[in-house]
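The letters A, B, C and D name the chains in turn, as written, and every chain counts its residues from 1.
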Amino acid sequence: MAITDRAEAPVAASTLQVLAPDGAVVPGARYPFELSDADHVGMLTAMTVTRRLDGEFVNLQRQGQLALYPSCLGQEAAQVGITSATRDNDWLFPQYRELGAFVVRGVDPAGIGHMWRGMAHGGTGLIEKCCAPITIPIGTHAPHAVGYALGAKFDGVDTVAVTFIGDGATSEGDVHEALNMAAVFQVPCIFVVQNNHWAISVPLSAQTRVTDIASKAAGYGMAGVRCDGNDVLACRVVMRDALLRAREGRGPTLIEAVTYRMGAHTTADDPTRYRSEGELELWRRRDPIDRYRSHLVAAGIWTAQHEERATETGERAAKRLRDEVFDAPMPDPLSVFDHVLSRRSGELERQRRQLARETGRDAT
Amino acid sequence: MVEAINAGLADAMADDDHVLVFGEDVGRLGGVFRVTDGLQARFGQRRCFDTPLAEAGIVGLAIGLSMRGYRPVPELQFDGFSYPALDQVISHLAKYRNRSQGAMPMRVTVRIPSFGGIGSPEHHCESPETYFAHTAGVRVVSPSNPADAYSMLRESIAGDDPVIFLEPKRRYWSRQDLALPVTTEPSDRARVARPGSDVTVVAYGAMVRVALDAAEVAERDGGVSLEVVDLRCLAPLDLDAVLDSVRRTGRCIVVHEAPRTLGLGAEIAAVVQERAFHSLEAPVLRVTGFDTPYPPATLEGVWLPGVDRLLDAVEQVLEP
Amino acid sequence: MAITDRAEAPVAASTLQVLAPDGAVVPGARYPFELSDADHVGMLTAMTVTRRLDGEFVNLQRQGQLALYPSCLGQEAAQVGITSATRDNDWLFPQYRELGAFVVRGVDPAGIGHMWRGMAHGGTGLIEKCCAPITIPIGTHAPHAVGYALGAKFDGVDTVAVTFIGDGATSEGDVHEALNMAAVFQVPCIFVVQNNHWAISVPLSAQTRVTDIASKAAGYGMAGVRCDGNDVLACRVVMRDALLRAREGRGPTLIEAVTYRMGAHTTADDPTRYRSEGELELWRRRDPIDRYRSHLVAAGIWTAQHEERATETGERAAKRLRDEVFDAPMPDPLSVFDHVLSRRSGELERQRRQLARETGRDAT
Amino acid sequence: MVEAINAGLADAMADDDHVLVFGEDVGRLGGVFRVTDGLQARFGQRRCFDTPLAEAGIVGLAIGLSMRGYRPVPELQFDGFSYPALDQVISHLAKYRNRSQGAMPMRVTVRIPSFGGIGSPEHHCESPETYFAHTAGVRVVSPSNPADAYSMLRESIAGDDPVIFLEPKRRYWSRQDLALPVTTEPSDRARVARPGSDVTVVAYGAMVRVALDAAEVAERDGGVSLEVVDLRCLAPLDLDAVLDSVRRTGRCIVVHEAPRTLGLGAEIAAVVQERAFHSLEAPVLRVTGFDTPYPPATLEGVWLPGVDRLLDAVEQVLEP
């Protein structure tokens, strides 16, 4: 059974690309000339920092500081390219693997650490940055993005809702209902599918019969576009277009960013049980950071100094994350009774007093 | 009751621009029970609109609208069609405030025409309250009369919590002279619907009428005085009124249409025996639907708890 | 707001048609020459009987004998054309409006009456005819058809599962999950969407952004085809092809039969609240029975005698239905305790004894 | 316990060609908990296969396969991901036999790794039993040890009813010397896991271990003798063993992880107080999770019922 066929195929011809894997501009590509050198430096820095932080999260998990962590290794271009095109008040509705998006938005990584350490569901510090809490049940957040976008449309503002889902998520009924509603209501909502070829151990070919997830858009009467998800400029370009379409009231877009999950599904997973080293090797050669760096170096935009500074920024961020995670105080046991409803019922107060007694705390 | 709910929706929409009504067939048609009749004509398609046929999507949409500051009031067309939305309710609507450390309250009122007794086919007569009431993070309420329907709906929409609003279809056509707006007791509190001294009968929704009728008969035919408590709020439960009553009567019966096992009667019996143990002269009894699927319409009359089944239980708890 | 635009448009050009509304064969049409005269007579007879029975069901509801009834008026061609192409052991998974399918299969209409009278959930007499019980929760039966088809595939037989859904049903998550799984598993399952332009009061344009439901198939990597649902021969042709594809192991098909719900949604509905008389009038002119009759009369296949015999058969069937419904005995109250699980628990026995006492019956 | 379930699946597949195992990641990976490890290699891709990521579809698929004569054993990957399938369970799996007048029994065993206590993130530690147990037409079982896990699984798969099979993840790595195949008590019956005379403690799943540990401590430290009843079957409930026990001890405590309101403790308390009213020396108490969303992992230790919370309740019911 050729279960890895799709991940091993070259990225398909109809897939928008700006940079070839070696960093050269693809002939005839729609190059985003509107980006300043500073923009480019910012993007590559964000990708570099993302990778460093991602590695640190994996380390922290190995050291027993986190219960679990889903690495975004290899998906930095998709996440940074997409998110850097948004405005700070466009709302993001992430799945759980979107560290790159959070880095671009300036979310404190410790807040993500709090989630995986088991201190705060959904993470902390996200909402302030217009990011919905991290969502674990696959695809269920997609309708929220549609609702948010509908509200923005009603408000007459040009704010856009962006939801990140995976290739696996496309099989879920909630995603279908969301796509359909977004199209029917013509809301400013963008569905970003990071097609990383795997849903835990299930390859794309066992998830859907089509090889091209963007082709699903047509059945909803929605714009669909496919880009090389390891090409940050391609991601940026398609997202720029989709945002414009959304802001102009021309409706939603489904973007498929073709990329690859280079790490395990989460730190609890062992991918050697289900995929080949050869496949991984192939994608290593399509590394999104190497590609962009080659391009920017060749263009004279990225210097050794930039590299050094980005590495340093990454190191500092990683160290801060480490410290914050290690130093994080245990949450107050009684906090489990907070934020259930706007006020506590009599029964909940009784339960709270019980736990206060058990833990030697003051229930007042 | 339909008119009262309709007025409640209209007044809430008039008072607050952020109140939105949507669902299947609620727009031009005005809902299959005409509960939303005239709202689209009066407030426009932005404020009252039809959605595609997708219940999970409808609740998901409401969650997103709430995040954007709206107060959505989605309708799920019938009890049995609320089940496709259970995951959105359990995993998100109920947990969003918690998961966002209080930053994202869910100001969503999900209206569901509920319960049986109107001769409908399968899936149109379900009692879904347990699924919701067991779920921490949502309020579940059910009015038994038009005044409460209006008042509790207004309070639910204006409040800061997600509310599952179960409308007893069987009482939809009940009428009451009402000067609107009307404000009844807070919707998280039970109410003594008829005072009495011998047995406490706890009911909600359409079963309140059954309990009141039984009280009438018991008084007239047997000189037995039933105190009927209308629960109103099914979650979080406020059983103070029930416990007060039981401490006086020493006897308690809970009536509901839902199947017995893990119906609300279970919780009420558990709490009453725990907190009024020494007052009880007899076990708390449950008068309920059976542990079967809701039957075809020709059998709902014998299946549903009625005055006779309730009076049987009254006799039992009064046995020496 | 032009909410009725799609129902008023002429049936689109890409829609497979064999007969024009006047009954003439469309130039270049794929005429099903394999049908014998007897086949044709059988189909038109089934359509005629369906319409007569359908009217009788509506009458019975008006007379208070049925709680509710969803009329299939106007959809006879789609239901008869599709079903007559199947073998008797292909399994049908109906929604609730498929009287025409049941007539073709020879299901006793009284069994359908039992459902709407409130005597037996799902109807009776269906399973013997390889029809799943009538299903009310929209779209939820689609995955059952996929499971059944998967089982047939595993068994190595060429039995096909056919599921009828509505245009409204296409919005439901369960239908999406079913379509996707059918494509991924390449099962012999055919999804028949009767696009009758309305889901209660919601027009197609508020249900989906596309005008062509068959186009949704592509996103699943599945064959999709659209036919004039008021043209029984077109329905028969596309179904014949889809069945062949399924039996040969070439996977599922999505068929959109473009038709119109000429009656109310159910007897409880008042369509004058939401749709125009003009739209209805337009579709009256596309009546599926008139069209087929004109064709068969012109071809010399259908005579006055056939017409008489079909009318008579319809009358007899209607009378039998009326009698059976009127004479139906009340079900035994204790039957509510049957078929809950394979055996009754102690608690259920206690509840049964209680109801026996209440109704003066013997619980043994 | 993982090995016992794996063996139970393998033996069932070997005995009956019609047994099929499927779900997300159950094939090549062997399940995220390795419960289905090796099944695809041994029985082939037809008998053990991965599905797309769609829980409603998975249960729907099982229903269709059962109609075709198969005995599907789908896995839903975690408790919290069973909710998208609730509608298929409530509206179809539980009702199909009824709706087909007995002609279409649902021979489906839905395996769900369940409950908390393993340090997982949100949605991976839910106690979904009430949603299923309130639904007439399905059986709900939960084994507390490897022998039961094997035996009850075999019985569920071989039976003629839909079974929701809740596997306590926290006990997955528990071991027991077992000569397989092993047959324990019928899976619709409760069992006295430890005889005692002072207080009846009812538990199931991972809480049986907690109850047994508490019994040890109570005996040793206080000379109090707890009788621990392992419920095993959560629906339909068979409380004869519990009632027998309570009639002897006069005291009853129910322990479960699920939130208190409408958790199984409610039903058990309601039945016990009804049917053993005159035997009770103290109210039935419930030792449960709280009426909140399941907390983040660092707090699950204080949130979950443990030996101390249970012993507190023991003290309470023994107070004069």
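By definition in this document, a contact is a pair of C-beta atoms (placed from the backbone, for glycine too) under 8 Å apart; a residue touches a chain by one contact, two chains touch by 3 or more.
All values derive from a computational prediction rather than experimental measurement.
Identification of common neighbours of chain B and chain C yields A, D. Relative to chain A, the chain whose mean Cα position lies farthest away is C.
With each centre defined as the average position of its C-alpha atoms, the distance from chain C to chain D rounds to 40 Å.
Between the CA-based centres of chain A and chain D the separation comes to 36 Å, rounded to the whole angstrom.
In terms of their C-alpha centroids, the spacing between chain B and chain D amounts to 30 Å. Within chain C, residues 120-122, 137, 140, 171-174, 177, 180, 184, 206-208, 340, 345, 347-348 each touch two or more of the remaining chains. Residue numbers of chain B whose C-beta contacts span two or more other chains: 52, 54, 56-57, 80, 83-84, 87, 91, 95, 98-99, 122-123, 136-137, 236-237, 261, 290-293. Chain-to-chain contact here is organised exhaustively, every possible pair of chains being in touch.
Against chain A, in their complex, chain D makes its touches with residues 24-25, 27-30, 32, 45, 50, 52-54, 56-57, 80-81, 83-84, 119-124, 260-261, 290-293, 295-300, 302-303, 308-309, 312.
Chain B makes touch with chain A in their complex at residues 20, 46, 51-52, 54, 56-57, 59-70, 72, 87-88, 91-92, 95-105, 136-137, 139, 159-161, 188, 236-238, 240. Of all residues in chain A, those touching chain C in their complex are 171-177, 180, 183-184, 186, 206-210, 215-222.
Those residues of chain C that touch chain B in the complex are listed here as 1, 3, 67-68, 115-122, 136-140, 168-169, 171-174, 199-202, 206-208, 268-269, 273-274, 330-331, 333, 335-337, 340, 345, 347-348, 351-352, 354-355, 358-359. Within the complex formed with chain D, the chain B residues making contact are 56, 80, 83-84, 86-87, 90-91, 94-95, 98-99, 122-123, 130-131, 133-134, 136-137, 235-237, 258-259, 261-267, 269-270, 273-275, 277, 280, 282-286, 290-293.
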